[in-house]
Amino acid sequence: MPYILIQITKENVTTAQKQQLIQEATDLVVRVLHKDPATTFVVIDEVDTDNWGVAGESVSTIRNRQRIGK
Amino acid sequence: MPYILIQITKENVTTAQKQQLIQEATDLVVRVLHKDPATTFVVIDEVDTDNWGVAGESVSTIRNRQRIGK
Amino acid sequence: MPYILIQITKENVTTAQKQQLIQEATDLVVRVLHKDPATTFVVIDEVDTDNWGVAGESVSTIRNRQRIGK
Amino acid sequence: MPYILIQITKENVTTAQKQQLIQEATDLVVRVLHKDPATTFVVIDEVDTDNWGVAGESVSTIRNRQRIGK
Amino acid sequence: MPYILIQITKENVTTAQKQQLIQEATDLVVRVLHKDPATTFVVIDEVDTDNWGVAGESVSTIRNRQRIGK
Amino acid sequence: MPYILIQITKENVTTAQKQQLIQEATDLVVRVLHKDPATTFVVIDEVDTDNWGVAGESVSTIRNRQRIGK
């Protein structure tokens, strides 16, 4: 009965990528822990880049610097 | 001081339904655990059907099949 | 396909109380949102009173003051 | 390697306020627990006022009453 | 910068299984979303079977019935 | 009405450190967002080092290598 939360920044994740995450994350707990896929949940939470911080900065700030740096 | 998270798919949940969830979930921990309602939080998290997977498939995929199957 | 998290302080919650929380929280989303109980999860997370803060104080500190105040 | 979730109601939080929350929450775990800021995440989750309940009522309901009461 | 939470019942999960979950869940977001593994967190949360409910019953109750049924 | 979750590895965090985290995290949302401390929750979740992964490895594995490397 696993519950898997995949929290990521909202940066153009496609429906196909989401389907792959759901399928493979489910497969992972079925394979490794012998869980029943019928009661395995995968929730993908996409977070605005303004709302995610790493090393004390928002991902928006980090992405802006990366763009300028190119 | 309970914190209750109700995570569901975003499928036309009405304001009245949300109010009922908040009221009854609060009442549940007050009744069963004698908690103070003043410090009981209920958070409803509505998740896009593309972002919720069950049995290795997104709820969007499952809903599409259910519609066709009718 | 709801996922319900009930986070509370670890203060002698009995098995019977946990069963009642699980049963009634499941019933709540079945009744209000017409969800399938078979794919409704309820997770109870019991948190040490040292690890839960309200109003800037740990619940341990609050409970100690309440005991002395009696 | 801390993960800090700051869940608040969605009520006109500015980008500057979000940056301050990210910076100071990161600084807090670096200062108190000597954690590495490079692997410290801060996630701000803004919740619609219809979806957050306190004392059995939604924050929307509470805010409406506060507005009328003024 | 993904954060992956794998919440499962506490039922004799080995250190080797945990390592495999961490390695493969990290690999999944690196492969599908091109994320940096250095800032990918995986947290495994093991929940007591008394504290996890499915279909209105605790997993403890379900496991007891399964044992008797054998 | 903020809810702040501070998730860290379980590595000898003292009661005094927990109290400081609770006090300063509460103060942060009061100062920056003008929230009411009476309805501000801080939950500290200490995770076993076997159950936390970074860069595809458990923190236990990383700590062992750091000890040998000294």
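To keep things simple, chains are lettered A, B, C, D, E and F as they appear, and every chain counts its residues starting from 1.
We adopt the following convention: contacts are C-beta pairs under 8 Å (C-beta built on N, C-alpha and C of every residue); 3 or more make two chains touch, one makes a residue touch a chain.
Computed from a predicted structure; not experimentally measured.
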Partner chains that subunit B and subunit F have in common: C, D
Shared touching partners of subunit B and subunit D are A, F
Most remote chain, CA-based centroid, reference being subunit B: F
Among all other chains, pick the one whose mean CA position is farthest from the mean CA position of subunit D. E
Overlay subunit E and subunit F by their C-alpha atoms and let me know the rotation angle in degrees, rounded to the nearest 5. 120
Since subunit A and subunit B are copies that touch, is their contact same (over half of the numbers shared) or different (under half)? different
Where the CA atoms of subunit A average out and where those of subunit E average out, how many Å apart are those spots? 16
Using mean CA coordinates as chain centres, what's the subunit A-subunit D distance in Å? 21
Check: subunit A positions touching at least 2 other chains come out as 1, 3, 7, 21, 25, 38-39, 41, 43, 52, 54
Make each chain a node and each touching pair an edge, then name the shape: line, ring, star, complete, other. other
Listing of all chain pairs that touch each other, if any do: A-B, A-C, A-D, A-E, B-C, B-D, B-F, C-E, C-F, D-E, D-F, E-F
Counting only contacts in the complex, subunit F reaches subunit D at residues 1-9, 13, 17, 20-21, 24-25, 28-29, 32-33, 35, 39, 52, 54, 59
Using the touch rule from the top, collect the residues of subunit B that touch subunit D in their complex. 15, 18-19, 21-23, 25-27, 37-38, 40-46
So, in the complex, the side of subunit C touching subunit F is made of residues 7, 47, 50-58, 60-61
Of all residues in subunit C, which touch subunit A in the complex? 1, 3, 38-39, 41, 43
